[in-house]
Amino acid sequence: MMSYSILTVFDIVLISTLLWLAWKMLRSEDIFKAVVLFISFGLLMALAWVRMRAPDVALAEAALGAGLTGPLFLSALRRMERLHKDERRVDIDEERKSDRTLDTKQKEAL
Amino acid sequence: MITLDNLGILCIVMGLPFFLTGTVGLLRFPDIYTRLHALTKADNVGLGLIILGLSLQADNLFTVAKLILIWILVLIASSASCHLVARSAMQKNIHPWVK
Amino acid sequence: MISFDDPSWIVIPIILPLAAGLLCFLTRRWAFAFSLAASLGNLLASGILLKQLLSVGPLSYNVGNWKAPLGIALRIDGPAILMLLMTAVTGLGITLYARGYFSFRISGQKKIGRHERQERFFWPLWMTLWASLNGLFLSADLFNLYVTLELISIPAVALAALSGKPASQIAAFRYLLVSLLGSLSYLLGVVFIYRTYGVLDLALLGSKTASGAGIGAALALMSVGLLLKTALFPMHFWLPPAHANALAPVSAILSALVVKASFYLLFRLWFDVFASTITEPALNLLGTLGGVAIVWGALQAIRQQRLKLLVAYSTVSQLGYLFIAFPLAYLEKGADIWAAVIFMALAHSCAKSAMFMAAGTIFLHAGHDRINDLAGVRSYLPVTVFAYAIAGVNIMGLPPSGGFIAKWLLISSSLNSSQWWWGLIVMAGSLLASVYVFRVVSRFFVIPEGYHVPDRQPHSPLLEWPALVLALVALLLGLIAPYPLHILETGSSLFAMVSQKGLLL
Amino acid sequence: MSYLHISCALIILCSIAAGMIRILSGPTAADRMMAAQLFGTCGVAILLLLAKGMDTIVLLDIALVFALLAALATITFVRRAWHEQSGVPRR
Amino acid sequence: MITNMLYSLGGLLLFIMGLFALIACSHPLRKILAVNVMATGVFLILIATAYKQAGAGEIDPVPHAMVLTGIVVSVSVTALALILACRVQETSNRSLSQQRKNDFTGAGE
Amino acid sequence: MTARSTQNKRKRFDPVLLLVLLLIVFLTGLLVQVILATDYLGSGLGDDVARFQDLSGVESPVTAVLLNFRGYDTLLEVMVLLMAVVGVWSLTRAPFPKKPIEPGPIQLAVVRLLAPLMVLFSFYLVWQGSHLAGGAFQGGAVLGGACVLMLVSELPWLKNISSRFLRIGLLSGPLVFLGVAILCIVLQGTLLDYPQEWVGTLLLLIETACAVSIGLTLACLFAGGRPKDDLSGGRKR
Amino acid sequence: MQDNNRLSIHSHSHLGRCIFLRFLLFSAVWLVLTGSEAESWIIGFPAIGCAVFLSLKLSPSSHVSLSFVGICSFIPFFLRQSSLSGIDVMRRALSRRLAVNPGLVSYTTFLPEGAPRIFFVNTISLLPGTLSADLQSNTVTVHTIDKNIPIWANIQNLELRIAILWRVTPQKGKAL
């Protein structure tokens, strides 16, 4: 009985932390903060799946939610911010170049 | 009566304060470097104690080995990421807090 | 060797494009060959399935030989086979047109790298999209339907963004968010269903459903999700930019097929599975939204200055007709109304794909699609202009087109059920449609004074003829009207029941 | 079910919740990121305790995943997402 | 059944929060985050449906399989959305900075 | 102006937002009621799964559902992943920086140590999937983590991985899965109806192939574009 | 440089030894993971093969020769030091007025490039009161939480122990 009540307290703390995190994540002005909160959100979700006795899902969440989406968001953030600074980008340059070279090739062929 | 199980419980309970103080340190320390101290050291010791306690309670040696593997991995990850963050902070000219 | 009456033919329309999609991604050289083979095979398989259906009635197939509550069932009946055939015919046309389109562009002089990229990724995306469309039409499992919905929306978004222009990418991003929202809403509905009954199979659910808070909310959530994806009136905001800014074959796919898929699922859920849960106010609400969509979409289409946007708004308007049938179905005791909906879907898919193809061809040759500057197109693209005009006949609903049959059925049943206002809206919609169709067609035919006919750029016949053939198919659909009706009646237990006794609600 | 292990896990969970304040208020980006890293270590501890408390040996594997992937986010952060030119030391 | 309820309600609140943020926020990344939160909420309700207390019988694995499928789908969609969002910025930035000749009002390149 | 600060300041009274808020509050109330009303007490499909567990070829019920009972879902879902990659590839090239930042010695050491361990662990998860928690998705995710770790370190040889190699890797899962599915039609007459004597082996094969392709998929999604040589080869013009 | 020479001279035997050692290491990890299931080696061998291949691809040469005695003496040292460091942080975090007085120290190590130096840098972070904040060739920048503790001696002690562990002879003059 004792353990059940402890579990319920655990549930309540976990869920309220999750909700708080989600709220702060969606309302924060700073997008980077939101991403970091999302990473921790993934970690806590893994705990929630564990608590719901779904170890398969927890495993996937630990690897995907906590492990991989964080880097995904971080590098996307970087990619978006870099553009504001007008940094040179290899891929865009190359794309332009490929358009151009093919154009000239075509002209030569004609 | 001291059994392995009780000893394990003792270790686990001893580990808890380290986690709590790790968090306290994270909240109280003045700059990123000192906070890194709090993070890497306190938490790893806490985790180590918990792993020690659980190892004492474990059923077989494979579980113990797995627990130790986990600890080693966490040690590597936390010390390396701590170093990387500190280094990156140094390169970005974030000056340490001085008294 | 699989014989013609083997039940496994039902999976061919899914497996074949799927395999073709994989192979197209693997090798670039043979992409068109694989796609063409899959398109033809798909048509063949659909024909065989039709034959099976007509001889034995509705079929059901357990994937992996696991029976319904545990496994996933595929099912084929009248509406499903008609949608399958529609996709097969339209899809074949689009495949051929896309070949002509890309080879024309790549033979041009500008930005070959970009055009090669577009062609390279078009084929795998299109084939997989096709497979998932077929999967959606055939599936009889709520969660599997969710997966097919996702598998439709990801390639659809990627295709919408394929042109690489900022406008198309912004539209695609919005489209992605909307379709994600739709999928999640649908999934939440499925979760509520599972909470209540613990099953996912449509047939089992159909035998179990009764009204209740859970089911009502679940159906509402699923419907909102699907309506978002179908772009019914207030939720249509994403459709015109996404459809108008895509490449022409992609616009044809999105407008003719993709929106129909979620509509079909909605239709299925409302009248097949949860028929006992739906209420009259809900039907009237959808009918009203449909009516507003007809008028609003048509008015917007009239206002547009660009051909592709006009055609896209026309889609918004035409989708309204599909929903007008809902309140009529509730009162009208007869299968006519279902026939009207299916006819509308079939005719619109052929006509609209033809229209987008024609618009795309005109864009390629003229270099723009500003309607006011398109005078004289007739002189160098006669076939395309003809195709556009015939498709326009369909959109307006003049006899003998399939669109005419559908509208006629709608008006007659609205009069029979003494709900004349729906008929009025249908007629108003047709009038408005004739305005926007004639506005464009008349412009095509006018040759201003001193007009210099440009040199006819050489192009493959694939760029013009698929559109014409599809437009003619839509036109002829009205002449062979009894046949699809026959398929509907034999193919589906529901429709057979309805045509005998009327819908018992 | 061993309530001792679960209550220990609960205490660590509370310490995570408290650590969130640092994510919310941390002046530099690194502060926020390191607090998330703290969540990783604490998460491993909670998982290990729950593995014993709920008698589910699989949870050790989840803890192992946490430990293996813990550094990933931080490394990405250090290499890709940290832009501050000069830090704001708090005094 | 209190656990089931707690988690279901938590999931529902997450869904609602995500929905609100999706409509109210303008930044593309935040929209993507919101969709993720929504998806998590739905999954939480689904898993809570399957939950039974220890000893109260076997847990229904079908929702677990569904959620696994859903998580993987949502990660891949998230990645696509992120790249698309980046791409939107890149192309619009580029075209604005270069001031290309061809008009963007023309549809369907 | 960075993206972090471009977040528009929210207006004080936005009537549309207020309306949305009201609607959402209403929706919340409604759905909470529904949640409270639909407290499902049955066992769902759990009993059916338990009944046929022995025939499924694996001991873990979740894996049995994923790959056997509802294998068709998983087949389509693997395609979803692949389509995400095709979509990303169609959008852009992978943005490799011109001058990659040298990873420091410590980071290099971490990559050297952890990446092989992750690969090992991902295979372990695939193996584990047949009897406990784990499987292709989880294994693939950890494998993807290993790839991401290497990608982040910007190791120079990663830039030169050929597109063909990547495509074959990406397609291995879907192709094997689809191939087995079609083989099942030929052998048993039904899609995905695995022959009883081979079922365990076939599932392990499918899982391994899928794990590899999921790992590569996640890596490609992280890389954020197609490889350099994807469009340069191919058809001669 | 020295490492490369050694590689070219004993290239074959060195590579073989390298593969063998890594194979053993990964096999041990696999054994720990799966327990005593014999069947698991069906997947285990290919998995270990992949891991060894990847590890060779990532770090082609590594010359590992640890001394057994060194390991035996290092583990207790490490455990003791890291628990001391935990207690140290605990004390500082809980003291009413924050007992911190941070500062930076540069330290030049004689440990050779590669594994020993990396190990050294990582271990500094787990010692009481020190944190390695930068590594430029052979100079480690150490951040300390309190300038009053004997950092220099601590680090030197650690360096010597690692030198014993890797059988490195300290080069005079370089350490100071």
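We just call them A, B, C, D, E, F and G in the order they show up, numbering each chain from 1.
In the analysis below, a contact is a pair of C-beta atoms (placed from the backbone, for glycine too) under 8 Å apart; a residue touches a chain by one contact, two chains touch by 3 or more.
Please read all numbers here as calculations on a predicted model, not as lab measurements.
Listed by label, the chains touching subunit A and subunit G alike are F. Between subunit C and subunit D, the least number of touching-chain steps is 2.
Between the interfaces A-D and D-F, more contacting C-beta pairs are found at A-D. Taking each chain's centre as the average of its CA atoms, subunit E and subunit G sit 41 Å apart. Per-chain CA centroids place subunit B at a distance of 32 Å from subunit F. Each chain gets one centre point, the mean of its Cα atoms, and the points for subunit A and subunit B are 26 Å apart. Work out the mean CA point of subunit A and of subunit E, and you get 10 Å between them. Counting only residues that touch two or more partner chains, subunit B has 22, 30-31, 36, 44, 46, 66, 69, 73, 76-77, 80, 82-84, 87, 89, 96-97.
For subunit D, the set of residues touching two or more other chains reads 1, 16, 33, 35, 40, 54, 57-58, 61-62, 64-65, 68-69, 71-72, 75-77, 80, 83. Touching two or more other chains at once are residues 29, 33, 121-122, 135 of subunit G. Across the complex, subunit B is touched by residues 4-5, 8, 11-12, 15-16, 18-19, 21-22, 28, 30-31, 33-35, 37-38, 40-42, 44-45, 48-49, 51-52, 57, 60, 63-64, 67-68, 70-71, 74-75, 77-78, 82, 84-87, 89-91 of subunit D.
Contact residues of subunit B toward subunit G in the complex are 17-18, 21-22, 24-25, 28-31, 33-34, 36-38, 40-42, 44-46, 48, 60, 62, 65-66, 69, 75-76, 79-80, 82-83, 86-87, 89-91, 96-99. Of all residues in subunit A, those touching subunit F in their complex are 29-32, 55-56, 58-60, 63-64, 67-68, 71-72, 75-77, 79-81, 84, 88-91, 94-95, 98. Of all the residues in subunit E, the ones that touch subunit A in their complex are 2-3, 6-7, 10, 13-14, 17-18, 20-21, 25, 27, 29-30, 33-34, 36-37, 40, 43-44, 47-48, 50-54, 59, 64, 67-68, 71-72, 75, 78-79, 82-83, 85-86, 89-90, 93-94, 97. Those residues of subunit B that touch subunit D in the complex are listed here as 9, 12-13, 15-16, 19-20, 22-23, 26-27, 30-32, 35-36, 39, 43-44, 46-47, 50-51, 54, 57, 63, 66-67, 69-70, 73-74, 76-78, 80-82, 84-85, 88-89, 92-97.
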